[in-house]
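In structure tokens below, several structures.
In the two complexes that follow, chain A is the common piece, with chain B as its partner first and chain C second.
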Partner chain A sequence: MSFWLLALRNLGRNRKRNLATGSAIAFGFAGILLLAGYSYRGTNYIRTYTVYVIHTGHLAIFAPNGFEQFPYKPAKFSLSKDAQDKVIAALATEPEVERFEKQIRGQGLVGNGCISFPFVAQGFDPAIDREMRLHPQVKEWMPSFQYLLSGSGLWDFPESMSPILLSKGLSLSLGKVKMHGDFPPSGALITVPDCANPREQAAKDANVQLLSGAWAGNVSAADGEVVGTFTTGVQETDSSSIMAPTSLLQKLFDTDHVTEIAVWLKHPEKIAEVRASLQAKLGNEAEILRWDEERLSPFYVGTVDFLHTLVLAGALVMSAIIALSVLNSATMTILERSQEIGMYRSMGFRRSQVRILYVQESLWLSILALGAGTALGLAAIRLINDAQILYHPPGVSGGLTLVLILPWVQTAWVALLILFLVCLATYFAVTNRLRPTPADLLGGTLR
Partner chain B sequence: MKTVIRLENVSKSYFLGSVEVPALKSANLEIHSGEFTAVIGASGSGKSTLLNLIGCIDDPTSGRVWLENTDVLSLSDDKKSDLRNQKIGFIFQSFNLVPVLSVFENVELPLLINPLISPKDRRARVKEAINDVGLEKLAGNRPDQLSGGQRQRVAIARALAGQPILVLADEPTANLDSETSIKIIELMLNLNAKKGITFLFSTHDDRVMNRVSRIVHIKDGVVSA
Partner chain C sequence: MMLLTLLLTITAQAANPSPEALLIASDRARGAASSLSGLSWTSEVNSVENGDALKVIYAVKVLGNDALASVMDPPRQKGEVVLFNDRTLWFFKPGLKKPVNISPRQKLIGQAANGDIASTQYARDYVATAAGDDTLNGQKTWKLMLKAKAKNVTYDQIRYWVSKSNQVAVKAEFLTLSGETFKVAEFKYGNDLSVKGKKVPFVSEMRIHDANNPKNVTTLTYKSPHEEAHSKGLFNVNSLMK
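Right after this comes the complex of A and B.
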């Protein structure tokens, strides 16, 4: 026989109380698992969206002060051809760089010949865009995210054709519901529409006109061929976004500059050292931002901060409930078993040995309850995931399927924290009861 | 004969609020090896207090308690615990067996914390103690499967298993019927006779008086050997 065995068997002595305490631990832990599963999946979903889907990259390299000043003076605060070459030369010396991409941003008006709407455009490399859609991280964390709603990706068309993607709201506003691929291979004949019925007329071809101010200050225009529609995933931008090859937007803005160069890393955990190395090589000629900085990714940082606060608060409340339940149960048990403690002490058990015995009892109870809580939590996660529940987080376009994914390592740490709290609560309860002499614990006599 | 326990002017008082209640007054007593001693006294006379002090589970208000050549009061709490574990056996009026353990495991319990005993010796001692009280066929039973007399036998075996120099029992037959009580006393007497174990116990039972080797009277906290 051992203390561990004795402690385990002692659990059977007050089954109702132990069941109640064990249930508090099990349900509390299952709740923590659900919260953790929601937070973990949510965090990784938004991270993947930010880094890969919207092409932020792990690092974004701007001209000095480019991030802040570019919207006001794009020509001055963008990367010139020389600056781009220097950045690319520096990137070539970094073994951790997986890929990079020149990007350009701007705004203007997009029209169908009759009506025009403001747009915000992002220009990127279509080949990189294709790689992003097929990236393992995107497949892992956003398997059901439908980026393209109709038509094809930019990569299927030569840049000379000026392909563009319209966000779903713009597509509907402009009446561009048929894409380039919906027309015969020879293409639709572009005609000047009858503006009495612009949407119906607009649907007869895939052509749009882009109008913007060139960075030099003059007005500039370009044709675009709508090859697909997409969703940004965010309501705020779903009615005004355009995606196009960088070359098309450079043509529209009449410049060879780019806004930024996005960089993806092979091992994102090395982001700090790569950034430092690049900054050292580029000196004051570039401003390098991390993807998880609030000014570059406010949606990510804000949402993740909210999620983590929610989970931390929930976990703290549940841990406190668990600890107090155990403290209460242990105190009651120890009060009821004072005579038994006196018996152990009179037999020669040291105070520390009695403490160990009771802490082991609580440990057994907690381990069994955490096991039950894990099973309960996993079953609940399975049920929720199988139910394919669609929910609508604020600002997210089209809703998201509620999927919970458990972070095993973090969950294990929480379980260890609970075990520690349980031990601590029992330790305090039993220590308090061990102060009297064995004779007092026995009731003043050897009875 | 070797002196097992010696009390020198030992007093013990309890406090009921601010009122001091003397339970034992300047007690002097020596218990020798191999004695079978009964402590006789009315209820509330201080018998239990005397046994608690001798068993090192309570501290006197004044005076000194010697166990063999050790001044008990000079020991730390842990050392006193070790002393109880290795030198003293306790038999409780209400048995105080652990209900989730078998007879064997209950007897084994105090030996688990004795670092001087190997697991092999431990099992041998437990078997011997169980045999001594005649419960070898019930070694696997739990306390709720035993009669009151059998439970007290388990308690005696548990007290004996550590091979103590002194076994203390406070009214060990108080919860037993008269026939069983006689059997328990007979058992203790046999163990005293065969193995030379020193017993000190309190009792109200007049039938025990003529069976013991020594009687210690106690009245209003005053001990007269």
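Right after this comes the complex of A and C.
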């Protein structure tokens, strides 16, 4: 009979204790699966949101010191037309670049003819925005994310029409509840409203005015046609955000500069080498930031750090509980089975063979328990996902549906770690008991 | 004795006008002349902000509580207007489908807020209290403390110095709600305005600088102030788009 089979049969002894130990491993591992599922899905959700939904890209190229200084001196710390051409020429030589986009940012007031509210605007390429919405990563990780709440995307309208999207809070504040597409094709008659009832009057057309300081310092304004409303997914920006074509915001800020050029890669894992290559080509004429740098994506980095710390702490506690349970159980079992060990030794089993036998016994127990834990964890994940539980993480607008997605590779590594810990705990317990002579062990007097 | 006390009090009151009366008098020298059929002047705004210079010239027309400031120069901004309807302000430029409601507190150019560009209605917008006497550059002044009557005025609080010799404002410190000075303005009166045949002083320069960075300076130079009749319709927001 092989050692493996003998070890499996030995599991039949001390059934209650083995059941208790196996349950500790199974429940502990199921808990780790739930935590891992939450963290994995959360991390990928925020990564997809950051890289694709809000157009951060994998790399963001700014003018030198542009990331820090742009808000104070936009004209000086933005990419001029020449600088944009140089960056685009450099990007054209990078085979790993999937797409890029000129972006512009700024703030001002948006008015409906009666009342005005502050806005923060992001200008981008509507065609790229459409590609982002249809990107496989967005479909995989954010399938139910409703970016557009009403109306249509910017890509459905010519830029000459000055289409804009209002965040949902801004749309309600301005009374712009009807979008451009809700009016007859000839367009609603634009009138100066009676400001005694501004919101009701404002709903009679989809037209708004954007007012801002031009980058040269003077005041500037431009018309905008509201074609849709959207949610940023973040409470603090949901009542003040505007999305518009880069060309419209350039007109508003009276400039041909852009704030940054966002770059998406075909293989994001090659980000370091693409960045280094671009930096070598552009030298001191550009500042290149990775999407996962804290200063560019503080929300992502902060949230993911928190998630990972939570999961690591939980996994450590559960692993420690599993290891201590096994150590305790193995020690008790071996103490009770001292005479059996003495018998193996007197039959000619070497110490290492006895050690292997007991370690294999623990391995069987752990494998069966991990199997049960996996089944339990998967069932719990299925139940949770089917329940469509809506929860409200801090700062997330409208809440999130609790969905757990298991990272299989990482989970397999955790299972291997547990197996290793179990073997280690058993090894130490049995090694200690193998020191006495077979005669002393068979005597049954050792404790 | 009582008669003497009464006499002294009356004399003192005559020598020290009420804070409200001082505000009305000082406003008059800065464009608020409700008794007139209208006022016009040009205002050249020169700003130096963090080393960047900017210049815009406005034609300002005032009637009572309404004012219209139209850009004359630079040419690319020609046609842009800021309309004051009492405390409500509108911005409009050619090509816009509707005017934009703006706040008087919002930065217009450099240190100048929208509310600084046209006439001054401090008597309407602020409650004044006397804060003693002071001497500025050898000039004896009354010091006033102004607190905003409403939220939609240009500043929350103003420390205001009014000359004792001709009852015009010579200095203003603009304060935050918590009482910190964030801008300082100084006034010069090199213009005269002829009102019913009588010449009265009129502001020629308002120099505003950042309290924390005195190199950031915006100077409003007032030229050619004169009485001119304006129709009420000129200040109607609907007329901007015609």
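Following the convention adopted for this analysis, the second predicted complex is superposed on the first by the 443 of 447 C-alpha atoms of A that agree within 3 Å, B and C clash if a C-alpha of one lies under 4 Å from a C-alpha of the other, contacts with A are read in each partner's own complex, and residues count from 1 in each chain.
We adopt the following convention: contacts are C-beta pairs under 8 Å (C-beta built on N, C-alpha and C of every residue); 3 or more make two chains touch, one makes a residue touch a chain.
Everything quoted here is computed from the prediction, not taken from an experiment.
Taken together in the superposed arrangement on chain A, chain B and chain C fit without clashing.
When chain A is checked against chain B and against chain C, the one touching more of its residues turns out to be B.
The superposition of the two structures on chain A yields an angle of 150 degrees at the Cα centre of chain A, opening toward chain B and chain C, reported in steps of 10. In the superposition on chain A, A:T374 contacts neither chain B nor chain C.
Once the two complexes are overlaid on the shared chain, A:N207 sits against chain C while remaining clear of chain B.
In the superposition on chain A, contact of A:R9 is made with chain B only, not with chain C.
Touch criterion met: A:G111 reaches chain C, while chain B stays clear of it.
Of the two partner chains, chain C is the only one that A:V219 touches; chain B does not reach it.
Touch criterion met: A:M347 reaches chain B, while chain C stays clear of it. Touch criterion not met for A:Q410: it reaches neither chain B nor chain C.
No C-alpha atom of chain B lies closer than 84 Å to one of chain C in the superposed arrangement.
If you check the complex, the residues on chain A that touch chain B are 1-3, 6, 9-10, 12-13, 339-340, 342-343, 345-353, 437-440, 442, 444-447. Every residue of chain B that touches chain A in the complex is listed here, in rising order: 48, 51-52, 55, 57-59, 77-78, 81-86, 90-94, 96, 98-101, 105, 108-110, 112-114, 158, 168-170. Taken in their complex, chain C has these residues touching chain A: 47, 49-50, 52, 54, 56, 77, 80, 91-93, 95-103, 106-110, 237-238, 241.
Residue ranges of chain A in contact with chain C, taken from their complex: 72-73, 109, 111-116, 190, 192-193, 207, 209, 211, 213, 216-223.
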